[in-house]
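Structures given as structure tokens follow.
Common to both upcoming complexes is chain A, partnered first by chain B, then by chain C.
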Partner chain A sequence: MSEMWINMGPQHPMTHGLWNLRVKIDGEIVVDVDAEMGYLHRGIEKISEDRHYNEVITLMDRCCYVAGMAWEHLYILAAEEALHVTVPERALYIRVMSEEFQRVASHLMWYAAFVQDIGLLTPFLYGMRDRDLILDLFQSYTGGRMTYEYMRVGGVRNDMPPGFTDRARKLCTWLIDRFKEYDTLCLASTIFHKRCDNIGVLKAAACRKHGVTGPMLRSAGVKADIRKDRPYAAYDRVEFDVPVQQDADVTARYLIRMEEMRQSIRIIRQTLDWLDAHPGPVIAPQLPRWLGAPYAPIGNEGYLLKRNYPHGLGFSAIEEPHGEALAYLVNDGGEHPYRVKFKSPVFANISAVREYVVGYHVADIPPIMGSVDICVGEVDR
Partner chain B sequence: MLSLYSVAYDLISIPLTAIAAHLPAPLSAWLVNTTLLNVLGALVFCAILLGASMINTIMLIWFERKMLGRFMDRRGAMHVGFAGLLQNFADGLKLFRKNTRRPKDADFVGFYAAPTAYMVSSLVMFAILPVSTGWSAGALPLSLLLALVVFSFAPLFIFLSAWSSANKYSLLGGMRSAAQMIAYEVPILLAVVAVVVLSGSFDLTTIVYEQQNYWFWAPLFLALIVFVAGMLAEMERIPFDLPEAEAELVEGWNTEFGGMLFAFFMLADYVRALVGCFLIVLLFLGGWTMPGWVPASATSFPLAGIFWFMLKTYLVFGVFIWIRASLPRVRTDQLLRVGWMRMVPLSLLSIVLAVAVVLTKCLPVIGCVPGIGGG
Partner chain C sequence: MSTPETSSRPPNDNPILWVAKPLLTAAKQFRKSLFRPSTIVYPFERLEDPKFREEVAVAAGKPIGIGAVWDNYRGVHALNIDTCISCNLCAFSCPDLCIDMVNVAGGDPKHPKKCPEIDYGKCSYCGFCSDACPEGCLTMTTRYELSVTKRADMVFSPERLYQVYEQKLPMNPIRLERPENEDQILLDPPVCIGCNACARDCPTKCITMLDIVKPTAAPGEKMPKRIWKEPVINDSDCVRCGTCISVCPKECLFWGTRK
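Then we have the complex of A and B:
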């Protein structure tokens, strides 16, 4: 068979989202690939310029629909820096807990999608089942399952309901037990290793060249984690390890994410203990009027305040489940952000696709792309 | 002896004779005529066979859906009929009512002929394989050979469907399918040779009679493993389902088929799964014979042979569902490497073992070891 291009996407079971991987194949070998993005562009950054600060949070949930909490956190950190708002400590811990639960939920979603890509049907539903339990937990204190609109400039919207920490602890125990089951279903299988070892290799140098971050970078032996390197919220006050693998292949990424989930549970347990011991307010008492929780007033009020508020620049970097997400926000004293810019980790991870897909088999593409953990919502925004 | 064909013949001949008694002589002579009765009897025989096999196939799908559901911590189909028993009939009806579309560049004849031929060639297997004594229409001295020949038609039709649907995914899937099925046909045939060596016959009925005392799975354990693995590849079930690997090839060779054409492929896949289980039961698990430890009262009720045969078939299929629920899919090159470099030598070894068992006459010794399958 001569060489030919085939489209894997935009409607294809491999893509897990709306994008297109054009693949040039020679028989069963991949000769060239080309990623086409942009099918899901909604102009979130531009829309943000016409929204009140707290209204942008709604858009952040739509940025990455499997890691809404992390993206809310990213935006909130930048907005608070730009608006010179201090946050009560309890809110910081709640944010850390929420982000870590979100990380586990996102990784479970990744697990479900990834195992399905290599043909494992059962763990797919196990992953989805356990993710649903986390979503139930989210629902109990934010009211939302995927789009939470929970964080606010200056804190979070509301405190936990009674009995929440016990429920969360129970879930942590359940999840830790399930992780063993996941590992048994994958790592104990010879076929799993045959499918995943030594494919999709992306070494550290190539990662740096393309700006690849997150589990992909850590699987290449680089110990880079913003939660450790540039701690935000309460991450400097909790103990956790950053898992590192050396092989830089699909199995290494699997191991990294599995270990990250365990570390997230470790962080969550510490934050739950802290939250039990330290009741208090969850949102800053003195806020500009248009930032007052829960919703900004709509009308002329904002314009009156326009020039009275100090200008500011906000930058934030968080370790999102997929990698390092950055945000930059300019406050010109108005009621809306003057400019918001986000950097999505997945965009960089996909951009390097030629480095880790070319030369492998067509059948290797689903596990490789599955191990990248793609969320197109944040790539296109 | 009561046979399915004689039942079918009676079903048509008794009413016809009764009608003929009231008719004038030339008409009744024309009506009650051996050739006509034989043809009509054969048609009724086919109808019974088709009905039984279709119902079994659909029940097999139900069985798989329910069992997979339990493996996955869910319930499977629940809403149509008791415990979802009628769900597949509803699905079939839905597919029957759906429109089928032919892509612009697809080859007309191939596109419509391939699913039909695939379906028919799979269904023919039911006429060849004896489910119980007196099941087959006629005694075929080479029924095993015929069964394997008909079973191996499939890659041809799959490739035809893949090529004629003018789709790159289909073409890749068809290529994979053809390569896979041809690669695994070899070890299957060699494993069957081991059975033939032990039983001394190509007739499936004789092979089962030979197993009255010792089921072949114990002395031919190696051949059983090769045969089961080969059957998994032939059925394109999960560790070896790469021709329709949905992660990379959408649906593989049947990507372009919708509606009833898809239903044909889907149904034929399960027919082939059922037939594969039939073959395993016939060749290795004693067919319709009962394990020796079962009391005679449990083995002598009417249609006991069919009951035991189907029970074994569903148990074997249950193992396949279990495998499907717990294993990932392998890659084409790995599959072919395992096929040619592991399965073929193993099956050759199993032939050597079978010959050794026959020559040393140690079948009673090995056959009795596990306790199951003794007469």
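Then we have the complex of A and C:
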């Protein structure tokens, strides 16, 4: 009778958000785990049904507080498909650039939190410092540091300020040098390897069984990336590689994310070159009025509108920093979406927790769960 | 059930390097931080200070600050009451419903001027209101310090927003362009009763009531009871706020494209 259940969460440094990992332990060995989610449910899908198409964007930033731009992109792609809106090419490239900067920022945030979980405080400070530079860059063209409200149905809100691409290129150079330092601080240290090697193993078969995506899937040797498999925006026009590792453990996930950041910088440099060479409009010229700048009351036209404006369904899938995120949107012709549904990658990644935590020590749980890169804001929405 | 195994990856042979290499990197960074701190001493130094406003070379010098583009920050609103036309577009566009239109001094006592009052307890600083403002009188400034001790202090009256405007803080220079292909407000003439409500409430006074010919009634037919006037809308002055549509008692105004 030495087995007992303990709660790791909802307020535990390991959880990185509000969720609860119930752990059944036998001495130091984990026998069973049970993830409880739902502490952060805000009803974003339901609130979206009562908002104009552009106003939903304010909610998307709150979906995932470290990858707001990716979630804006996800929603916007679905909304544009449902509303039959064509986007100017420059806006597509700006979105790709924004999403990739967001991926680097999200991975830096993950890096900072993860190394802190395994007891390294110095890399934490470096990760946060460099992430702040990306937030500064976001602020320079969106006006917000975490809640951007930048993308609009039909394009993006505004074009880049003068001198933006030069600043962004300097930042890319700065970041590429820092990635080397991160590897020195972590991979060169045997202490890091002793804590991270061969724990949290989740092989490809188990990933497929639970719908695990993103860096966790790629660390198991599966070359799956929505940016390659089902290109959206301008991803079919940029060159990049999908990193793959075979070990499926915590170190492999670390290596995957580090390589993804380098590939993101590679994509950003290509988009910056394109943006320099191709000025143009960033928002579609022909938009329904309730998607334009003045959000005026629609009056008694509302029900007429539902009859006249073409209905539509929108589906989008993007490679979010955490994995594959999906959105489904129904347009019944009105000024609000009829139904919005999101699928979060982190929900699937946490749901498979029994497969990759059971059997290891209690002290292994923080590095394992840290390597999953949990954002509870998008799990519960 | 799998159990933890020993490392399959070869560790560094030299145990001194285990610790020495990461420590060396940290020491390098520490030496840099003596001369190039990555942080600013916040209450005493601020990002909006002039010394941080010039273009900061990210990779070459201090990796802090974003120079002149700090102006893009979406902070507390500034309201120029003098140019506000009370069109209500900011309140309509607010996703959080934190904007109320309240009476301000001046104007016609029967139909007083209304200006936005913003509850910062609800505001999410999305900037939709300043995007929607047709006159550019409601803008967002770089002010970000908003600590108050009472909830009532979070509500900024138009006068208080005007005080922010008078501080002449940097305003967000990037404004959303209004689309050129805007719809116009059309009239359904047989339904109109000529009541003047749209012309009375139009914030830009772009609606004029013009006389129309009173038709002669056929014998036995009853004439509709109405004022024989019809609104004529000047599209170039119209800001598309939809106030006329909201106030029309017969719902005879609607959005559409004028042929």
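Just so it is clear, the second predicted complex is superposed on the first by the 367 of 381 C-alpha atoms of A that agree within 3 Å, B and C clash if a C-alpha of one lies under 4 Å from a C-alpha of the other, contacts with A are read in each partner's own complex, and residues count from 1 in each chain.
Throughout what follows, a contact is a pair of C-beta atoms (placed from the backbone, for glycine too) under 8 Å apart; a residue touches a chain by one contact, two chains touch by 3 or more.
None of the values given here were measured: they were computed from a predicted structure.
A.B. asks: Just chain B (first), just chain C (second), both, or neither: which does A:L18 touch?
C.D. replies: neither
A.B. asks: Could you say whether A:D117 touches chain B, chain C, both of them, or neither, answering first, second, both or neither?
C.D. replies: Once the two structures are laid over each other on A, A:D117 reaches chain B alone.
A.B. asks: Quick one: classify A:G359 as touching chain B (first), chain C (second), both or neither.
C.D. replies: A:G359 contacts chain C only, not chain B.
A.B. asks: On the A-aligned overlay, A:A204 touches which partner chain: chain B = first, chain C = second, or both, or neither?
C.D. replies: After superposition on chain A, A:A204 lies in contact with neither partner.
A.B. asks: After superposition on the shared chain, which partner residues are touched by A:M4: those of chain B (first), chain C (second), both, or neither?
C.D. replies: Only chain B; A:M4 stays clear of chain C.
A.B. asks: Could you tell me if A:L171 is touching chain B, chain C, both of them or neither one (first, second, both, neither)?
C.D. replies: second
A.B. asks: Which of the two partners, first being chain B and second being chain C, lies in contact with A:G163: first, second, both, or neither?
C.D. replies: second
A.B. asks: Tell me which touches more residues of chain A here: chain C or chain B.
C.D. replies: Counting contacted residues of chain A, the larger count belongs to C.
A.B. asks: Under the stated touch criterion, which partner chain does A:M146 make contact with: chain B (first), chain C (second), both, or neither?
C.D. replies: After superposing on A, A:M146 lies clear of both chain B and chain C.
A.B. asks: Just checking: does A:L185 make contact with chain B only, chain C only, both, or neither of them? Give me first, second, both or neither.
C.D. replies: Touch status of A:L185: both partners.
A.B. asks: Which chain A residues are contacted by chain C in one complex and by chain B in the other?
C.D. replies: The overlap between the chain B and chain C interfaces on chain A comprises residues 122, 126, 129, 185-186, 189, 191, 194, 361, 364.
A.B. asks: Name, in rising order, each residue of chain B that touches chain A in their complex.
C.D. replies: 68, 71-74, 168-169, 172, 175, 238-239, 241-242, 245-250, 324-334
A.B. asks: For a test of understanding, state which residues of chain A touch chain C in their complex under the given definition.
C.D. replies: 51-52, 54-55, 57-58, 122, 126, 129-130, 133, 136-137, 139-144, 147, 149, 157-158, 161, 163-164, 167, 170-171, 173-174, 177, 181, 184-186, 188-191, 193-194, 197-199, 201, 247, 251, 283, 285-287, 289, 292-301, 304, 358-361, 364
A.B. asks: Which residues of chain A touch chain B once you look at their complex with the stated criterion?
C.D. replies: These residues of chain A touch chain B: 1, 4, 6, 8, 12-14, 25, 28, 115-122, 124-126, 129, 185-186, 189, 191-192, 194-195, 361-366.
A.B. asks: Quick one: which bits of chain C touch chain A in the complex? Just the residue numbers, please.
C.D. replies: Interface residues on the chain C side: 1-9, 11-12, 15, 17-19, 21-22, 25-26, 29, 38, 55, 57-60, 63, 65-66, 69-70, 72-74, 89, 92-93, 95-96, 124-128, 131-132, 134, 140, 172, 174-183, 239-242, 245-246, 251, 253-255.
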